[in-house]
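What follows is subunit A paired twice: with subunit B in the first complex and subunit C in the second.
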Partner chain A sequence: MKPIMLHGHERSITQIKFNREGDLLFSASKDPKPNVWYSINGERLGTFDGHSGTVWSLDVKWDTSLFVTGSADQTMRIWDVETGVSLECLEQKTSVRGVSFSYSGTMIAYTTDKMMGQNSELIIIDVREPNDIDGTPIMRTQVTPNNSKALSVLWGPLDEFVVTGHEDGSVIKWDMRTGKIMEIGQEHTKQIKDMQLSHDGMMLITASKDTTARLWDITDLEALKQYKTDRPVNSAAITPLVDKYPHVVMGGGQEAMDVTTTSSKIGKFDARFFHLVFEEEFARVKGHFGPINSICFHPNGRGYASGGEDGYIRVHVFDDSYYQFRFDF
Partner chain B sequence: MAKKNKPKSMETEENGGVEEEDPDFSDPEDFVDDISDEELLVDLLRQRPKETDGVESVIIVDGVPLVGAERLEKLKNVVRKQFREFGTIINEFYPTGKDGITKGYIFLEFKDRASAEEAVKQRNNHKLDKQHMFLCNLFTDFDKYENITEDFVPPAPQPYKDHGNLHYYLLDENCFDMFSIMYDGGTTTAIYLNSVPEAQEIENRERWTDTYVRWSPRGTYLATFHAKGIAFWGGEGFRQVQKFSHPGVQFFDFSPCEKYIVTFSPHVDQRAEEHQSVVIWDTRSGQKKRAFNAERPPLWPVFKWSNDDRYFARIGEDMLSVYETPSFGLLDKKSIKVNGIKDFSWSPTDNILAYWIAEDKDVPAKVTLVSVPSREEVRTKNLFNVADCKMHWQKCGDYLCVKVARYAKAKREKNEVKYSGIYYNFEIFHMREKGIPVDSLEIKENIQNFAWEPVNNKFGILSGESTSVNVTFFQVNKGQPPTELKKFEKRPCNSLFWSPQGQFVVLAGLRNLSGTLEFIDTKDFQVMQSAEHFMATDIEWDPTGRYVASCVSWWGHKVDNAYWLWSFQGKCLKKHTVERFCQLLWRPRPPSLLTAQDIKDIKKNMKKYSANFEVQDKMRFSKASREIIEKRQKLMSVFTEYRQRLLGPCNERKEERMQLRGGQDTDTLTSNENDFEEEIVEFLVKKEVVLVEE
Partner chain C sequence: MSVAEEVKSSWADEVEEVEGGSLPPPVEKSDGNSKTITEYSFNEEGKKIKIISHYKIEKHRVARQIAKRKTWIKYGLSKNDKPGPNPATTITAEDVFMHFLSNKEEEQIDQEDLKKKLLDQQKGQVKCRLCKEDHWTKQCPYKHKLEPLRTSLYGEEKVEDEPQQGTPGVPPADKTKYVPPSMRDGASKKGESMMSARGRDETATVRVTNLSENTREQDLQELFRPFGDISRIFLAKDKNTGQSKGFAFINFKKREHAAIAIQFLNGFGYDHLILSVEWAKPSGTQ
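== the complex of A and B ==
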C-alpha cells in the first residue's frame, strides 16, 4: 500500500518510536523540535518546543503520559505528552546521547558523550513524581575510559538492568543498582547505531556500522543470529508478531558523509526484511533517498515506519502478500 | 689587503688570542709498528698488481685463416674489425710456424674480463667466410679444464619428483571449470570450482602471492609472484611444483605451450657476472635457458613467441631478432634486417609473423608477412598516409586484421609529427586462401574497440564518440569487402567480449559507463538480455563459453566489490559480494583433443546429450533445495526450543510485570482494552470543489 509520508522536520531524522498502543508516532531529528503524529493518518498532533540543538534520542513512557528527549544542547528534557509542556530540563556537562524509560516508567536511564575532558557516563534518575523531578542520579557510572563511549541505552525487562551499545561495537549489561558490569557482548566490529527489544523483552537486536545486525539473548548476552548486508545498518527492529511471522526489518545505507551525488540505487537506502531464524533476506522496500536512520514496527505488527537522512518519515502498512509469503521448510 | 686582514685579526681575538699550532703526526722515537700492511691495507693490497693479472681477459681464437707474413697485416685488420666492438684490444699475438705462416689460432687480450667474455659469447662459432669459422675460448678455461682433479665426481642427477597428474582437474566428470579470486585487497587468494548450484571452495591461502596471480595459458599451473621470484603451483591440492629465482621480478610471460617462461626484473645484482634483467626459463626443469639484457624499463612483452614455442622474437632498432628453441640461439645466427620496423606479431596458429614499417619520406608504410624459419616474405601490402597500425589476429589464425589509422594531413612540429583528420582502414588478410588476398574496409568514425569472433568469420567494432557508441558487426567474405551484418546505434558501452566459442557476445559499459551489460546472440542479432552490474570493471568469459563473470574490482572501484556469475544468455546466476575483491581469473583449458568430425557429431546429437545433462542438473538442484530445507528445519527447531525455554521464566514473572505497571496487564496490545480511552480522529476522505452560481 502507498506509504504515508510525514514531512515535518527540517533536518534528518534521528529516531522514531511508536507509543505502546501504536496510535501515536514520536519523532526526533537534527532540528530542535521533536514531533508527535497520529500514526493512522499521518496528521501532526504537535511539536515539543524547547531544545536548541540536535535531538539524538527519545523515549515514551508505557502509558504515554511522559516523553523524554536527549539533545546535543547538553540537556535532557521530560515532557508532558498531552500538553507538550516541558516538565523538566536537566542540564548536563555534555550532549545526551541515549535515553530510555524503565519498564515501569519510574526511572530513566541516559548516556552522555565523552567530550571536552568529560567522560561518557551512564546515569539513572527517578521520575516517579513527574512534577517534582530533582534530577539527582540514583545510579551514576563512568563508561569511559574503561570502555568506549556509550551511544544507545535500553532497559531490560523488569527494571533490573540496563544495556548500552558502544562506539567500538561492544554491548554491555549493567546492574542497575550497583553500576557494575554484568555481561559484555563483543561481536560487532564497529559502532552500534541502534538497539531494540522484542515485544516480550527477552531478545535484543543491535544495528551496527559494520554492515550487520545481530540478535541477542538479553539474559546472558549470547549472540543468536547475524543478518548481513553490504552497507552500514543504522537501525533494526523485531516484529511484535515474532512467533507467527519471525521477521526483522533493517534500515541503513551508504553513510551520509559518503553520499554526495550517488543515486539512491547505489546508496542502497532500502528497508530490508530478513527471516529472523534463517538469516535470509526476502524483501526490500524502496522509498528513501538517503540512509534510513531509524526504523520500527507498529506495535500491532501490521506495518512499520522508517525515518531517514532525507528528513522524511514513511509509515507503511503491509499488503496481504506480506502475510502470505512463507519460507519453505 | 687591509680588508682581507681584518676578519683574520677578528678571528684571533675571538679565540682568545691563542695561536693555533699544527698537531705533530710523526712517530715518537721509540715507536715500533706492530701492525702489518696485510692487516692495515686489506682493500688496497687486493688491488696490487699480480703477475697473472689480465689472464682472464685473454681469449684464444681458433679457426683463423692461415696466412703468410705478407698478408698478416691484412688479417690483423680483419680480426680487429671483428673484435673491436667488445672492447679495446690491448694486446694481440699471432703465433707463426717455421715457415712464417700463422698457425690458425691467435691470442687477443682485452682491457677487462667482461669484454673478453662478451667476445667469446658473440664470436664463438661465428662464420668469417665460407671456409672459416671462429672458435673462441677464454684463456683461463684451458687451465680450468686441464686441472680437473682426479676425484672429480659429476654432480648426481636430481631425483625425479613426481607431481602427480597436473591435469587432474580436466578429469572432473561434471566438467566444471575452476577460477581463482583475489580479495582482501590482494592478501587472500582462493580457488573455486564453478559447480552447480553452488561454487565450491577448493583452496584458500593468505599471502599466497605478493602481487597477483596468473594461470598458465593451458591452465596447468598457477603462478604467484614473490620478492625472490616466481612460484608455480599445480596438481591436486595446489602443491608447489616449480620455482624460478629472479629477485625483484616484475613481469613474466608464458610461452603459448607453457614450455618456457620469460621473467623481467629491474633489480641488478652487482655481484653477478652478467646483468640479467630478462631471463628465459624451462618450465618443467626450472633451468635458466638464456639471459638477456634489456633496456629499462622494457616494453613488455620483450619477446613474442610463436604458437608452437619453437621460435621467439624481439624487436630491435631496424631489425627483428628471431631466436629458436631449444638452442636459444639466433635463427641462422643473424637478425632480420628491417628498416623502420615498428611492431610485429605472430600468427596464433602458424609460424608466420607479421610486421609493419612506418612511412619514410617517399617510401610508403608496409605490412609484411614472413614465414619462419624460411624468412620468405609470403605477403606484403603497401599503405599510404599511415599514422599508426595495430595488428589483430583471429584466434584460429584464419584472418589477420590490420587496423590502420590514416591521416588527411601531417604537420611536422619540431621533432613530433602531428596528424589531423584521422580515419581508419581495416585491412583483412585472408590467411587460408591462396596468395593471401587482402580486403579493405574504411571507417570514418573514431574506433573505440575491435574484436574478432574467436572462431568463424565475424568481427565487431565499437565506433564513434565515447558518449554515443555505435556497435557494428561485420562478416568477412571470400574475395569481397566485409559485409555489414548489423548495427546497434548509440549504445552505452565501451568494450565487447566474444564468447571463446564464438556466436555470443557481451557488450559492456565498464567503469564510468556504470556497468550496463548486453548479451547478444550474433546468429540473429537478438539482444537476449540487458542487465547492469553497477560500476563493473571487468568481464571474464569462462574457457568453455558457458558462463560470464562480471567483476567490480577493488583495484578500480573502492566500494561494492563483488563478482557476479551469469549464464551466456545473460541470466544472473549468483552474486558474490566479497570484501575488497580484486580479481577473478578462469583456469584456462588446453585445446580440445577432439577432431572436427567428433565435434560435428556431438553437435548433431546434442539433443541426446542435453537430456542427460538436464536430468543431472535437476537432481543437483533438488538435492540442493532438499539440503536447504533440511538446514532450515534444523534452525527452526533449535529456535523454537529456545523460544519455549524463554517463555517459561517470562510467564512466571507476569505478576512482577503487572505490579510494575500499576496492576495493568500490558503483555499484549489488547490485554488492557478496558483502560483504553477513545478518541475521534478525523480523516479528510475526499476533496470536492463545487462552484456555486451566485
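== the complex of A and C ==
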C-alpha cells in the first residue's frame, strides 16, 4: 500500500469521517479548522474557518450538503460543504463533545460537557431548513448527575433512538421522543473513546480506554463480541464489506501523555485488524508516529483512513493481499 | 568606468546573475495518461531548485453527484491552491505493508515444536536426585514427600555427581578448617589471575553469533541450560542502547556439554534468525 499522507492540521486529529459515497474525507483536530479532502488523490477541497477552539467531533449529512462540528469553544456550527461557509453557529453553555446527523439528515443529536456548574446534556435539534435553524431543542435531557458525562453520540435505525457513550464506559440508549433511558450497556470499565455504526446500522462498535473494543447489537444493546488489545483503543470501525471480509480495524496506542517518555518502537501505534467473529487479530499496519485517534473504513470497504495524535491523516487503499488473505479456523 | 565595472564582475558571477534573475518557465509534458511538470524555484538559501513532479492520470466513472463535487471551487486555506494536490498538505508516504500475523504465529509454533524436540532428545541429561525422573530435583513433584524421607535415610549427604561440590582428596572433615581462596573448590590451584581463568574457561566455551537485537542473557540461559551447567554467559551489548550486538559466549562447565550444544543449536532458528554456534577461539589468537 502507498498511503497518502494529509497534513492540513497543526495539532492532533480528533475525528475523521468519510461522506456517504466516500469521495470526500472530513477531518477535525485540536486546531480550530476542520478540513475536507478528496479521498481519491488527497487534494484538499478546503477548510472550515470559524471555530476558535478544539473541534471535538464532526458529522456530515447523507447528501454531503451539510456538515456539523462540535467544538470546545462552546459552539456547534453547521456548514455548507460546497462553499465552506458557516450557515449557523449555535452557542452552548459548555463545549460540544459529540455530534451526529440522523440517518434522514433532518435532525442533529449532540452532547455537551459537564463543566462550570452545567450538567452534561443530550440535545436534539431540527435541521430541516438549513438556512433557518434556530437551535431550539426538540428534545433535551440531562445526562449528569445520574450518569457520567456523555462523549459520543449515534443514531439508531429509523431515527427512533440515540445511543451515547460515556466517560465511565457505559453505553446508554435514549428514547428520542421522551428523553428517557431505554437501555444501559455496562461492559466497558473505562471511558468510551469512539463509537461507530456498521454499514447497515444494526451493529455498533465501541472503543474504550480499557484496552478493548466491543461489538453491540444496537437494538437491545447486547454485547456481542470483545476485541482485546494491550493498549487503550481510541477508535474502532467495522468494514462495510462485512459479509465477505468480516473485519474490524482498531486504532490506539499508549496515552498521549506517555508518548514523549517512551520510544516509538514500543508505542504500538499500528492499526490492528481483527476478525469480527473470532475476535482474533490477523494483521497490522504501521505508519503513524503517535497514537491513532480516529480510524474509519472507506464506504466501499477497499481502504481505510486513520488520523493520529501526530496530526497526520493517512489514507490507505488495500493491496490484493488483503483480499487474498484467508483467516484459517 | 566601464573598465572598472568589468573588473568587478567576474565571468562566473555574471552567469549566476543572469540565471538567478529569471527562472525558466515551468514545463509541462503530457504523455498519454501520465504528466510531468518541471518547475524551478528558489529555496530559503536563495539557491535555485528544480522540482520534477510526475502525475499519473486516472479516469474513473463515478456517480453524478461525485463528479459534480469534483468541480467545486476550493475554499478556506486551500483557496489559492492550484488544481490537483498541493504538495504542502498532501504527501505520498512510503510504501507500507499489511503485516499478517497468522504466519508468524505458525512459525512460533514450529519453533516451539523444534525446541520441544531438542529438549526431548536431551531427556537423559537431566535426572532428579529424588525420583530419578528426567526433571530437576527442585521441580520434583514428589519433593515434599521424598525429600524428608531421603534426608532421614541418608543424612545430609552431598551428591556425588556434582564434582565442583567436593574436591577429591580433601576429606570432609577438613571443611571446618580454613581453606585459602586459591585452594578452594572451583579455583585453579595456581592462584587466581585473569589469564588463567580465561584459559580454563575456554576449553568449554561456545560462541553464538547471529543473535537478534532483542536477545537477553535470560533467553540464552533458557536456550543453553538444557545442555548442561553453564558457568558464565557473556552477551555483547551496545554501551549506549543496551541492545545486543548479536553475539555471545557461553561457558559450559563441561566440554562435552558444549559439544552437544554446538551439535544441536548450530543452524537452529531462533527469533527469526538462524544461529551460528561454534567453538570459541582462544582469546590469544584474537
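Please note the rule applied: the second predicted complex is superposed on the first by the 327 of 329 C-alpha atoms of A that agree within 3 Å, B and C clash if a C-alpha of one lies under 4 Å from a C-alpha of the other, contacts with A are read in each partner's own complex, and residues count from 1 in each chain.
Going forward, a contact is a pair of C-beta atoms (placed from the backbone, for glycine too) under 8 Å apart; a residue touches a chain by one contact, two chains touch by 3 or more.
Values in this document were obtained by computation on a predicted structure and should not be read as measured data.
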Subunit C versus subunit B on the shared subunit A, clash or fit after superposition: clash
Partner chain in contact with A:168 - subunit B first, subunit C second, else both or neither: neither
First, second, both or neither for A:220, with subunit B first and subunit C second: neither
First, second, both or neither for A:104, with subunit B first and subunit C second: first
First (subunit B), second (subunit C), both or neither touched by A:202: first
Which superposed partner A:10 touches (first subunit B, second subunit C, both, neither): neither
Which of subunit B and subunit C A:33 touches, first, second, both or neither: second
Which superposed partner A:325 touches (first subunit B, second subunit C, both, neither): second
Contacts of A:49 with subunit B and subunit C, given as first, second, both or neither: second
Which of subunit B and subunit C A:91 touches, first, second, both or neither: neither
Partner, of subunit C and subunit B, that touches more residues belonging to subunit A: C
Overlapping segment of subunit C (options 57-65, 75-83 or 93-101) - the one that collides with subunit B in the superposed model: 57-65
Residues of subunit A that lie at the interface with subunit B and also at the interface with subunit C: 21, 23, 38, 40-41, 43, 63, 327-328
In the complex, subunit A residues that touch subunit B: 20-23, 38, 40-41, 43, 62-63, 103-106, 157-159, 200-203, 217, 224, 230, 240, 243, 246, 254, 265-266, 276-278, 299-300, 327-329
For the subunit C and subunit A complex, residues of the former touching the latter: 60, 62-63, 65-66, 69-70, 72-79, 81, 84-86, 88-102
Touch list for subunit A against partner subunit C, complex: 1-8, 21, 23-24, 33, 35, 37-38, 40-49, 63-64, 82-85, 270, 273, 281-287, 314, 316, 318-319, 321-322, 325, 327-328
Residue ranges of subunit B in contact with subunit A within the complex: 534-535, 559-560, 577, 625, 629, 632-633, 635-636, 639, 642-643, 646, 650, 653, 656-657, 660-661, 666-667, 669, 676, 679, 681, 683
